[in-house]
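Next, two complexes with subunit A in common: one pairs it with subunit B, the other with subunit C.
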Partner chain A sequence: MPEPTSTVAAPVVAPSQRTTEPAPITPGAAPTSRPRRSGTRYVLRLSALIYLTFLLVIPVGLILWRTFEDGFGPYWTAMTSPSALHALRVTVIVALWSVALNTVFGVGAAVLLVRHRFPGRRLFNALIDLPMAVSPVVVGLALILIYGRFAPAGSLLETVGIRVIFSLPGMVQATVFITLPLVVRAVAPVLEEMGVEQEQAARTLGAGPWQTFRRITLPGIRWALGYGIVLCLARALGEYGAVAVVSGRLVDQTQTMTLFVEERFQNFDQPAAFAAATTLALIAIISLLLTKLLRPKDSD
Partner chain B sequence: MTQLSPATAARPDTASDPAASGSPIQFRGDAGKRRAPTVLGGGTAMIYLSLIVLIPLAAVVWRSAEKGPQGFLDAVTTPDAWAALKLTIVASVIVALINLALGTLIAWVLVRDQFPGKSIVDMLIDLPFALPTIVAGLVLLALYGPDSPLGADLAYKQVGVVVALLFVTLPFVVRTVQPVLLELDRDMEQAAASLGAGSFVIFRRIILPNLVPAMVSGTALAFTRSIAEFGSTVLISGNLPFKTQVAAVYIFGQIESDNTTGAAAVATVLLAVALVVLVLLDLLQRWGARRA
Partner chain C sequence: MAIEVRNVSKSFGTTPVLNDVSVEVLPGSLTALLGPSGGGKSTLLRIIAGLEYPDAGTVIISGRDATSVAPQRRNVGFVFQHYAAFKHMTVFDNVAFGLQIRRRGKGEIRKRVTELLELVHLEQLAGRYPAQLSGGQRQRMALARALAVEPEVLLLDEPFGALDAQVRKELRSWLRRLHDEVHVTTVFVTHDQEEAIEVADTIVVLADGQVEQAGSPHDLYEHPANSFVMSFLGPVTQIDGRLVRPHDIEVVNEPSPGSTPATVRRITSLGFEVRLELAIADNDAWVQVTRGTAATLNVKTGDTVYIRVHPEAKTLAAA
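Let's turn to the complex of A and B:
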């Protein structure tokens, strides 16, 4: 495509100016022929890389190095302490509940948004993104105002023996709030692109709505759904602010991994804080790799 | 996030969707069957959304207004609350502007430059989204804390807050500008070059106007994320009132000391600012879409 342009342009421009022209077509090829352009290019590249190095690479690398500088032993000891294991269990329970709830809601909401027309659809669409603009601490505050011991819903539930704040239900709810948009936003565009032809064909051939969904829709969105679930899981495992408010940060009771990191650090137990932080960082890196693996499949 | 709406808005006129075409006579039997699950599903989804998001947020706004407008103003303008809000807004504006410049630069380098290891750098950009915020804070404190190997102690300083916010907002501008830059037609640039435009003129006159919408929306998102940020600033800021305490940390402190009304007032301000920015962004995008 660029070729015809350059042949047309060739007689018009002077040779000296033409040298700058092919640059965008073959980036990186023979940089010596364009000293001025490649100069700015190196400056740009270098400043971007330096910024990323000092903001991202060195800090994260430093934590990994600090954790493992005395070998794997201290890491293992810190991570297998009863408090750390308990925190890990609480984290996993909260994350799995949140992911399960938001997967069901996410797929349902995506189908609703893409396949159906109903009054208030625009508003519904906008509201789904709302959690992204809300501070995690405000999420926690909101739940305390509703489900706190002196709040109407909270005292009502307390009389039936259900405690929301300072216990798992509240933590799950806070995490669900934070991760709400992720599955919807991963699934909806793929559903949109897929179109309705196959689903309609299935319906014409006598498939029920559930059968159509299970046989046609679900296989069509499975990569996007996987992508959304990984994003949601990673976010749920790493949630700190909302859970910090709602859980009451009770050590060995409602303490999650992120709360464990903070509590250990404040109590000058750096090895444990670093070990837990490294574990969370490794989970983040793995989920990042997984999302990279899942994402390109959408366009197929 | 918002790019969904134009695409979906274009769909209703495709007659292939019986629910959309809505001809009650022709599809009576079928429409009845289809509408029931829509109503049921829509109802369930709306109830879920209300229970999880709307009612709790309404409770925050409700609580903030409990003592009337004067009570709200008093709660927001206590010296420490006001200082926290001011720091949050100023730091977020600085962070948004740095992101605007460096995010665009990084996106440019990732799209137009070629160098070994580029795909790894590209992947690193998403790390701040994946990393728990408290880990981000700890990680920054390890390099820029009291025992910094660089000798740069930013802990308990306002610069430290800015660095923490820069860390967590890094992906926004990069990830909004990158796809636009990737899709950009090179023909115009080549035409400009063939007419004798230098690389700076090409960038300013040809490339930049195409990038501005993406740059603005990325910056706005970085700003809203910044004012809401909590986890990453907790450790590095040291939580000093009047100095390094951001609004989210102030709210946290007020909740801990059982002043939920004061917390709700500041929370409402944060919600309002975020809402205003997002609505402005939406209007701007629609205005831009109409012009194009």
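Let's turn to the complex of A and C:
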């Protein structure tokens, strides 16, 4: 019987299950296998640690160190320069639009995939994962092919005064495409596991489709949705490839934080590049902590 | 009629589930839809609630054609086998849900929910979440939730199916008493004939998507329309190619006109009653006699006895 416990009762149930679990270890086999296993365990741990040190800790540590080696002052100066502030603003605008659009699309698509059966459903399901497989640069180029000034859709929009490529709409579009699967894939399994009975019960109690969605479905998926939104936000803030192609990298116009880092670095303005990189890293770490906070409740 | 189902048919894909089913439910009655799994009884209940849409036929609730009415406008209460508790709400909010949707005043909601929680003996647990309740408590909460909106009919889909035997028996008689208090027209689905006979005042037997028979438990037991109903509603054994209830067979030591000799294969004492397994020619049969009769017969395994079907007993040709 599918009876997932709520957040309230979980701590009461879980520990008792955990204490009973390690019991079936066979007492005879343990002493002989333990020393050998702990030997390999040390090697494994050490290699994992070395790997992570070189791949992650040293580079990120170096950036932090270079950013703050002359104190907090230079960081503040670099981050409050007009170009840096503009890049931050563009990044935030693009990220927020992408998160908003993908939240609406993600929840809608998840409901459609889990709750409805329609022709082409499997194709739709497969298409949602497409952004994972396609290189962001290719996504950018594809958008230029459709919405560029000399492409049919692009020139048509240009005549009514909407510019997509080398402008915010194109950057939002590219970011939305890249982050498309994140909310859907976070929400769909939880929706599946939740089942339809609570929603049907709400219907028989007099709730219409919208009331049922708002009062039953949405609270049921709220942790998963929060997790998906944070992932989507983190990915949108850090997006580089697709945005680099469609934005045209116009300084003080379409430059996002990631593009700013790259441009400053190329122009030997390392303090600004490091300051912006640190800011991005800090936002990423905060998002990561948020997902860690959301995850346990979601997996209950 | 509280509910009239007329000529309803329904298939899932190419699998027919209901085939031209017509059922009538009297106002204030407690009706059981009884039948084996896959007989279509749950589907029929969900069609009455509006959770499924029939391929053909009509559903009339309190004289109004409800066939194309959305579930939220049918004013039916529905109780699911697995409770369908709103997990993110307290017991109180679960029961209050239907009233909040109907925009009743805060004071009125509090009063009504408190009354209902007392009715289902959950008043102490109003602040708990469903995960902190036992199965039986969750099901009583679901029942209070369904009753809160004062439905014209109450529909229960295998309401005790997920509970253990002890709780099941308790809730069964409790539901009967509750119905005597509340008087709401109730239809419940079950595959357990004992449950149907004990709780319902009308039983509709459904098998293979068709109504086999409808009537009072007594009627169905004493006058089954066919061999399926007879064997589904109680114990049967086969003698001379006819189905007969094992307690409708007389067993004696000496031959008499119309009796048949049989060899005792096995004697099982079931407390008050004794079960004799017999071999008649090459066929197996069994009879049930009282302990007193068994003592008078004083038979052992391997003895020959003479059996005769009681002249007034109901028998049916075996299918």
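Going forward, the second predicted complex is superposed on the first by the 263 of 300 C-alpha atoms of A that agree within 3 Å, B and C clash if a C-alpha of one lies under 4 Å from a C-alpha of the other, contacts with A are read in each partner's own complex, and residues count from 1 in each chain.
The rule we apply is simple: contacts are C-beta pairs under 8 Å (C-beta built on N, C-alpha and C of every residue); 3 or more make two chains touch, one makes a residue touch a chain.
All figures in this text were calculated on a predicted structure; none of them were measured in a lab.
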Mind working out whether A:211 is in touch with subunit B, subunit C, both or neither, as first, second, both or neither?
-> second
Check the contacts made with subunit A and report whether subunit B or subunit C touches more of its residues.
-> B
Which partner does A:201 contact after superposing on A: first (subunit B), second (subunit C), both, neither?
-> second
Which holds for A:287: it touches subunit B only (first), subunit C only (second), both, or neither?
-> first
Touching A:253 in the superposition: subunit B (first), subunit C (second), both, neither?
-> neither
So, does A:261 touch the first partner subunit B, the second partner subunit C, both, or neither?
-> first
Partner chain(s) touched by A:219 [first = subunit B, second = subunit C, both, neither] | second
Subunit C-contacting residues of subunit A that also contact subunit B = 1-2, 5-6, 9, 197, 200
Which bits of subunit A are touching subunit B when the two form their complex?
-> 1-2, 5-6, 9, 12-13, 17-18, 20-21, 24-25, 27-28, 37, 40-41, 44-45, 47-49, 51-52, 54-60, 62-63, 66, 105, 108-109, 111-118, 120, 122, 124-125, 127-146, 148, 151, 173, 176-177, 180-181, 185, 188-189, 192, 196-197, 200, 209, 234, 237-241, 244-245, 257-258, 261-262, 265, 273-274, 277, 280-281, 284-285, 287-289, 291-292
Subunit C to subunit A touching residues, read off their complex | 49-51, 70-78, 80, 82, 84-88, 97-98, 101-102, 129-132, 142, 145-146, 148-149, 162
Can you name the residues of subunit A that touch subunit C in the complex?
-> 1-6, 8-10, 197-198, 200-208, 211, 215-216, 219-220
Could you pull out which subunit B residues touch subunit A in their complex?
-> 1-2, 4-5, 7-8, 11-12, 16-17, 19-20, 22, 37-39, 41-42, 44-46, 48-49, 52-57, 59-60, 62-63, 102, 105-106, 108-110, 112-115, 121, 123-128, 130-135, 138-140, 142-144, 149, 163, 166-167, 170, 186-187, 189-191, 193-196, 198-199, 224-225, 227-231, 234-235, 247-249, 251-252, 255, 260, 263-264, 267, 270-271, 274-275, 278
